[in-house]
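Each chain gets a letter, A, B, C, D, E and F, in the order it is written, and its residues are counted from 1.
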């Protein structure tokens, strides 16, 4: 069976829609990945971080300890830094975002237990002026061992 | 017909493989997108920039003028900054990458001519130690009007 | 006739005063440049971005579409990043600014139509403690095709 | 007598405790260093800058002029940038800190008058979630001639 | 017994000298910390990263797997980013460094097994012109779960 | 007499040409400013730093001590960071520059001795592809007490 990285698993979870999304989730949940997909929109950077962390905790994707929370935080920070492509900020530099985020937890490479357990966070959405249609797409991903 | 952003078109061009990749290319070339997918691996940042620029010029995806070359350069810079998630460097900070890059040129939103013509650059691959298996995935995307 | 870059045109629009400023404006408006000079002071980064964008729209320097608004936004972001020379922030790092901003729209090089149409944003002013005399000068410029 | 850099003097002022701290202060005050150690905790970046500046002014460690205030500001900015190790922000990226700061003023190298007068700012503390135990240590130092 | 963070353990390992250093090492090795202290000087960023990684591997402070190597790399990256206080570079911006680095592995907080196992990297030294005496001290620290 | 900031003095030294440049130099040398204007072109960041430092030393604009060299270095670093408007790099990100640099030393504000002695560094030129005409203007300025 072809091996897939946890990054691509999280990316396709954020990018797919409809039947393809359902098949993707089913396929990788069978391979013991924990998967979550949510939405958040804001001009406040903190809201993005909070949405990812709240979802991961509510869905028991990270255990209630600092090591795992730290891994999630750094993965989210990397994803958000990438999403911003330079100045890591939203409302302070007068821009807004609406995005889908995905979280995947499991082996770094599907079917390879020796690669250990990791967590991937993907942000994919629209960034721009807080005005309809004055925005373009952006993506960011962070991956950490957990 | 469902509308797709140029970002997702470039992302799926980098992420898809096999038959799904072929269908994706066929579908969006019919909608007048120019698409290109290439590979590059290096410890030198400049090699990544050069691979994208050389391909775009050779494939006539940008016209031989500075306005278009400038758009491609900034899209590549944004994609590479995102890919690095912090310090924008490879070999200087002792890491290496092997990646697929994709370039898409066409409307910002498929089927919406009023959105104008844009260029999207995606980098997707593995980043890490220059040692087999000591690496994880990364992704970056930049979008500019052209 | 000597050729001048749009950057220098915007720079001298921000830096000149009195009769020299009037001659500068007259000279380059005759060469079909759109020029604007305004002032803004704040501890809030967003106020600087808003002042530039509001002026450009009110003066019809950019058309009511996303491509042009995007070019202005990126030019302003580059100018502000340069102005800050490191951490891109004002009030969060306890500093304030009072500045003159200029916007120029026209050919990249005066008298060279083949260079195409570009927009330049310059910020020039004083940055420092929110206390009289505890500040020094700063400058930043961003240039984008439009 | 062994020579010590102003950086190490400020570092040990922040890191030492109890009797070792008292000996350290006594030793370097005898060598004409001005020393101060304070505490501050916040999710707001500006509060950290304000705590350092207020203490330095109240303790007459910098003279009431812009040259000296500028040196202190840049030393604090360097220390805070180092403390954050990447994105220079606290509450905006949903993290909080509680820290000890130290300020030292005197020769760059103890006992070497020719090295001139400098100021060092050190921040040492815990950074993390605003939740008990979900945090790790961080340190930052900035040094400027004054 | 008073509890000490792994950060302070690594900091004092880099900052102490002579008998105090020996006592420090003895005290925390008894508490099951793995400790290492080395030296490196260079104008090349990569040499700093290589010195830390080589030492950690040779001393068996990290196991021969990617999860642990990744933790060490990110700790070193954070330490080096902090050390540079802005532009993360040495020779490219015409500066050189000579430094002591320390690595500590063990509980996040001494005597608290529930805090789990972490790795801390500290860089402490002189940074400046490649000319005797034209340099000042700098410090950086990164901490990651391992 | 109207007062001028050292920043504007250095800016006009870099931007003026011909007779206006000569009048500018004469006017501010009479007011005891030390002024220098040079040129440098390169794809190597280090060459820009070296050109400024070498000129300042050769022209005796800074004294042969670390305090003054440090002030010049930080002013140059700020100017170069601003000039790059994001990623602080040239050849590594496949771009080249040709620029005029200016250095001014004297009071922060002309005719105001109480403002103390400062140094300003300005970089103004063209940045872009290493290909004729594929470049646009950029500017950067750094100011430090000396």
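We adopt the following convention: contacts are C-beta pairs under 8 Å (C-beta built on N, C-alpha and C of every residue); 3 or more make two chains touch, one makes a residue touch a chain.
The UniProt protein names, listed by chain, are A, B, C, D, E, F = Hut operon positive regulatory protein.
None of the values given here were measured: they were computed from a predicted structure.
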Minimum number of chain-to-chain contact steps, chain D to chain F: 1
Chain B on chain E, rotation in degrees - Cα superposition, rounded to nearest 5: 120
Pair exhibiting more inter-chain C-beta contacts, A-E or A-C: A-C
Distance-maximising chain from chain A - centres being C-alpha averages: F
Length of the line joining the C-alpha centres of chain A and chain F, rounded to whole Å: 44
Whole-Å separation of chain centres (CA-atom averages), chain B against chain F: 37
Contacts with two or more other chains, residues of chain C listed in rising order: 66, 70, 81, 86, 89, 92, 108, 115, 118, 133, 136
Partner chain F, residues of chain E touching it in the complex: 86-87, 89, 91-95, 128-129, 133-136
Residues of chain E defined as touching chain A within the complex: 65-67, 70-71, 74, 108, 114-116, 118, 144-145
Partner chain D, residues of chain E touching it in the complex: 5-8, 11-12, 15, 78-79, 81-83, 85-86, 108, 115, 118, 120, 124, 126, 133, 136-143
Interfacial residue positions of chain E with respect to chain B in the complex: 44-46, 49-50, 53, 66, 69-70, 73, 77, 80-81, 88-89, 92
